[in-house]
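Have a look at these structures, which come just after this line.
What follows is chain A paired twice: with chain B in the first complex and chain C in the second.
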Partner chain A sequence: MGDAHVTGGRSLKSKLRRAERMEQVKAYLLILPLFAFLLICFLLPIGALLVKGFTDPTLSDELPRAAAMLREWEPAGGEVPDEEIFATFAKDLAASRPTDGASRVAKRLNIDQPGMRTLILKTANKLDTVEGATWRDKLVSIDSRWGAVATWSTLKYAASPWTLGYYIKALDFTRDERGEIVQQPEGQRLYRDVFVRTAVVSLSVSVICLLLGYPVAYFLAALPARYSNLFMIMVLLPFWTSILVRTTAWVVALQSNGVINALLIRLGVTEDGFALIYNRFGVLVAMTHILLPYAILSLYSVMKGVPVIYVKAARSLGAGPIRAFFQAYFPQTLPGVAAAGMLTFILAVGYYITPAIVGGPSDQLASYYIANHVNTTLNWGLASALASMLLVGVLLLYAVFVRLTGGRGAKLG
Partner chain B sequence: MSTIVSFKNVQKTYDGETLVVKNLNLDIRTGEFLTMLGPSGSGKTTCLMMLAGFETATHGEILLKGKPINRIPPERRNIGMVFQSYALFPHMSVAENLAFPLKVRKVPCSEAGERVKKALAMVNMQSFANRMPAQLSGGQQQRIAVARALVFEPALVLMDEPLGALDKQLREQMQYEIKRIHEESGLTVVYVTHDQGEAMTMSDRIAVFNNGIIQQLAPPSELYEQPENAFVARFIGENNELKGTVSEMHDHGCVVELPHGGSVRASAGSGIAVGSTAGISLRPERITIGEGARQCDNVFHGGVKDLIYYGDHLRIVMVVCGHDDFIVKVPNDGMNRRVRVGDGIDVGWMADGCRALR
Partner chain C sequence: MKKAKIIGLAALVGSVMTAHASELTFVSWGGSYQASQEPSVIKPFAAKSGVKVKVDSYNGGVAQVRSQVQTNNVTWDVVDMQLSDAMRACDEGLLEKIAATDLAPAKDGRSGKDDYLPGAFNECLAGNNMWADVIVYNKDKFKGAAPAKVADFFDLKKFPGKRALKKSPDGALEWALMADGVAPGQVYQTLATPAGVERAFKKLDTIKSSIVWWETGAQAPQLLADGEVAMAGAYNGRIFAAISADKKPFGYVWDGQLRHIEGFVIVKGTKNLKAAKEFVRHATQPEALASMANATSYGPLRQSSLAHVDPAVVKFLPTAPENVKGALDSDSAFWADHADDLNQKFAVWLAR
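Here is the complex of A and B:
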């Protein structure tokens, strides 16, 4: 009797699961075209970029034999490599000169160790004329740095086509001359601060957006449609101009002899104006301004679905207006709060132009450095490592968010 | 019997132009089940909302237990309210919903638990305490809404079309349960409905609303038997209306001349005088056909236009006195099965079974 019941229950469950799976398959078919588009135009290029964070082909392409031998060599012994490696290196370097490989090697190594550019280029120039019994003597007589283990370990860690070097650097670690991974000295650490700053600024911006946006969205949701449409257009108005224009407008407004300071000086609040821009304040103001509509829209869409009748019900049950709001209305808008917070946070994490224009040197976010490495230093590997870390951080956060909102209840925007 | 609520000359307008409630005077007695019945837009919900405190009267005052409440906010009126959409808090379980008014009133936890259990038992929902509202059927949600409005033991409960969303069978069951709870607890219920059947079976008194005015306030039987005016007669129950001119008045009633010839003896409603036009309200079930008709005070002859079979009774649509939708309701007792469409038959009714109204 009992067994029959259990098996009955189990088969019922599997039936339910099968029915649900059919529904899911149908749903997936609907998103298939978009998914294909994303795969080809978005995911594959991004994947390629992410792979760049782990590849380092310069030395193994330009100096193939020397790179292969260096990979076997152990710097931990404290000895420079033997004559064979010196000789192979010199021959590979000489062979790379016609295709300008030497300068690529020079540039690549200079990233790991400043000064390597001149060393390599100088060595490549003097290879044919230098005198000496062995290649070791010849190289050391070109530059004494060839006699140091550190120089060769720099080469060794650039010799493999696969590398963790970019991530090591992006996490503010480095390799000492024996090849051990150690923390960067205090003064040279950079990216940890950048990531912390990115998180702090994004969090501040999304909290400010929520605090400012919640009352506005509430107001809009409570208004009859003919008025709320007008206000909604006003909320959406900023979307009609480009971010660049809006940000520049803030520069005009906030600069030391700008509109706001002029007003404050006129009113006698201050004598020579406040520093409102090129600092954290300016970044928060401008980013909040740009992200606020997103927060308002996602809050509004949830609030529109929460009838005011619940507040009435709570009051008829004896709760005062404040209590009725916080216990009957506010909890029902939490999905909107979570979505708005998440949306503004994610957008803020990726913001680049606004902080670059209105922020000071210590207000630049991770994306600034990524862009910098892509456009200026051309260190795409490091840019990729930084970008991946940002992406993973956001994905982790999103996973937590989905967990907290109960999995299925996650809706963004 | 003492009065718990009185509306005194209450007026209400939303837009400053039209009065939605026009000069309402209404005394609600302690412990009674009073129903507000009326067509859509007649101001029933508005009255309820003014009583609950969500709307303010534009003019006049509302007294609760003798004290004016115009300035008291809803949460301090201690009036239970059941909304048409139930308004159960979707983020709270059934038990939390019921405990909400108790928590607000700082009732100690253990006592609150007891009272929640009692309230659930009252609506036969003990086993649902931990469900979320979304996991309940409409009827179950409705019961919880009633239980929540009663759990803090208000003296007065307002219900705005609480059964509107339920199917007929469930609605009848819930009508019975609400009535039972009312009788057991002795509270005062003000109930709003569209459904006259519901109003008739549940209420001690019914206030019929139209255009923001109470047309008649009376117990159900009086409303049905002695409607004050043509609107009430038409609105409550089925009605044949014969228009004519009053030609005679006497102690027991009046005589009304019909334009197509013939006269009807009827009881007189208020405001009826010789020479005035009147509509005679005649309930279809008060009409006798065939042999029996000839002994009645009023006898007419008419043709059968249609027969509608209802199982327990038959409806005969006839042409009588120039009216081609004269309806007669006869029991399905075998005798009446012989009537055929096209037959000419006698119909008759007693003078006290019809009423001349202005």
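Here is the complex of A and C:
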């Protein structure tokens, strides 16, 4: 009897467990499309992007044997490679011609060393007709650059299918002919400044957004619902307008013959108008305008939940309005401030089109250079390295931020 | 009855076949450029040869030609291509060879090849016209002495006012060196050295704060017309259009004009090789080139064409005898090698 009860209990338990498991499976099945979507549209492309920044398959695909030998060769000795590498390279290059491999190699190497394009194409064209005792003599008689260590070390550092070269370049370093990683000369450093600039502009924009957004959000939260809805629509209308339209509107307003300058000249404030656009000022104005609604909305959602009673209590206990605000109200809105700051900062870091339209040449953010390498120079490896650094930078900042605030309010997800 | 049917069928098949054989796809740059080719080249050729010419447009580059040749699905026959792209495509073996005998001779009996300006004909490309990056100014801004030299573009004291330049190292760097006293023949040699590049940027530094950078060809005449800038580097065809159609008060500084060659190429493996060669032969006749020049002010590349150009247009051509002094031919081979490097340096300099 007791036994039967236990077995019955067990079977009931396992039945229950099975039913629960079924429910779980069903639940997972329900969100399967979501997972598939995330995987296909989000994780795979980002993964591919991260990998792209480390791969450099051109030489190892087109000149497989020579690339393998060059990987073993050490340029630090200051000697050009031996005859075997010369001969293998010549044979591989000849073999790559029918499929236009030589022109792909030429294009790839020209990125690292200007002039390599012509050198490779010229060499590939003359391989069959050149005369000489050894391949070394033959190549050097085609072009004396084949007798220089620098040429071969350019090849060597492109020979591996895996590379850190894009990251080296994205951090403004380069390899000298002996393969040592050294700083780029002063006139060629670009990306470190770009990242600093991106951080400074994004930080300024998020601070300005907070300073402007806080009073607006406070005003909206304090109003009774039937008035605040009207004002809320005024916040949301620009939010719903296309970024491009809003940015172009700023061009119309700020340009040297634009609305604002015309007004200032009419009022006699200035004679030839101020430079309001194609500089940092224009970028800050336009980006702040675009990101302000994000700040206002995140602040508003927190302020709505702060009971007014605390401020009243503080006032009745003798605090002045300023003290009551800073001691009783402001601390309770901090999670909103944190969330708004983080949100505007992260969005600003990725801005591309707005600085491109209203900024000058020295106001372009990291995304501009990423787009430039994707679309114009077709150097996708470098684009991917820059994009990954931006991504990692933002994730690090986010981690530090969550740690500092104890995760209050700033969790994005 | 039956016989008649068969004959009819044969005639039908025959007509379909001939229709197929006499068809040609010509690809050009679209817009007003291609529109000007319609009456000057395409229609006369179709009328004369009976070949049906289909047109398509592209934005330059060799990517599409390459993919057609590599997938063995060639749908373009003749392409209007820049010399730099044509050289790349030729290197990669994507183009049919054009022989000197494929060209029509000049009236005076010179062969087509000898009639071409230097560099305008090679084994893959038969030159069409020459366009130029040229310095222009708004006449309203300079009532006294007008700028006449490249150096005047860099002289903010004598010729005050903002400058517009293409946001790209090609053009800006060449002009900077010429303004700094480098002879046109030495420009690319100088620019191939680090010291030369530095010299060019140093010269550009002297006017950097006065430069408005443009990115599309239409912006330059617009900036000039609006009075935003007093001088600009621009495409000569755009300025000609602004002067002839819109009566804008623009003047040219032909000194230092940077000239580019444009020509016809035939895609490798075309099924209509014969018609394509006929088309090229027809389109590169001196009269056809001249007729194109009248509409665009792009310089015809054959010397004997000049006689056929409207005298009122001649002075606007980059190839006109009075305009070629101090001209520089853009070196495609140089840019193919140095574009990656100089783009990077230019970006750094811009952001400084």
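One rule holds for everything that comes next: the second predicted complex is superposed on the first by the 371 of 413 C-alpha atoms of A that agree within 3 Å, B and C clash if a C-alpha of one lies under 4 Å from a C-alpha of the other, contacts with A are read in each partner's own complex, and residues count from 1 in each chain.
In this text, a residue touches a chain if its C-beta (ideal position, glycine included) is under 8 Å from a C-beta of that chain, and two chains touch if they have at least 3 such contacts.
Note that the structure is a prediction, hence the values are computed from the model and not measured.
Chemist: Quick check on the chain A-based superposition: chain B and chain C, clash or fit?
Modeler: fit
Chemist: Which partner chains sit in contact with A:115 here, chain B, chain C, both or neither? Use first/second/both/neither.
Modeler: In the superposed model, A:115 contacts chain C only, not chain B.
Chemist: Have a look at where A:316 lands relative to chain B and chain C in the superposition and call it first, second, both or neither.
Modeler: In the superposition, A:316 touches chain B alone.
Chemist: Quick one: is A:190 in contact with chain B, with chain C, with both, or with neither? Answer first, second, both or neither.
Modeler: second
Chemist: Between chain B and chain C, which one contacts more residues of chain A in the superposed model?
Modeler: C
Chemist: Between chain B and chain C, what is the tightest CA to CA spacing in Å in the combined model?
Modeler: Superposed model gives a least chain B-chain C C-alpha distance of 46 Å.
Chemist: Can you list the residues on chain A that touch chain B in the complex?
Modeler: That would be residues 307, 309-310, 312-321, 323-324, 327-328, 331-332 of chain A.
Chemist: Under the stated contact criterion, what part of chain B meets chain A in this complex?
Modeler: The touching residues are 52-54, 73-76, 78-81, 83, 85, 87-91, 100-101, 104-105, 148-149, 152.
Chemist: Sort out for me which residues of chain C touch chain A in the complex.
Modeler: Residues in contact with chain A: 88, 91-93, 167, 198, 201, 212-213, 226, 228, 333, 336-338, 340-345, 347-352.
Chemist: Over in the complex, which chain A residues touch chain C? Could you list them?
Modeler: 100, 103, 110-111, 114-118, 121, 187-190, 193-194, 256-257, 278, 361-362, 364, 369, 372, 376-377, 379
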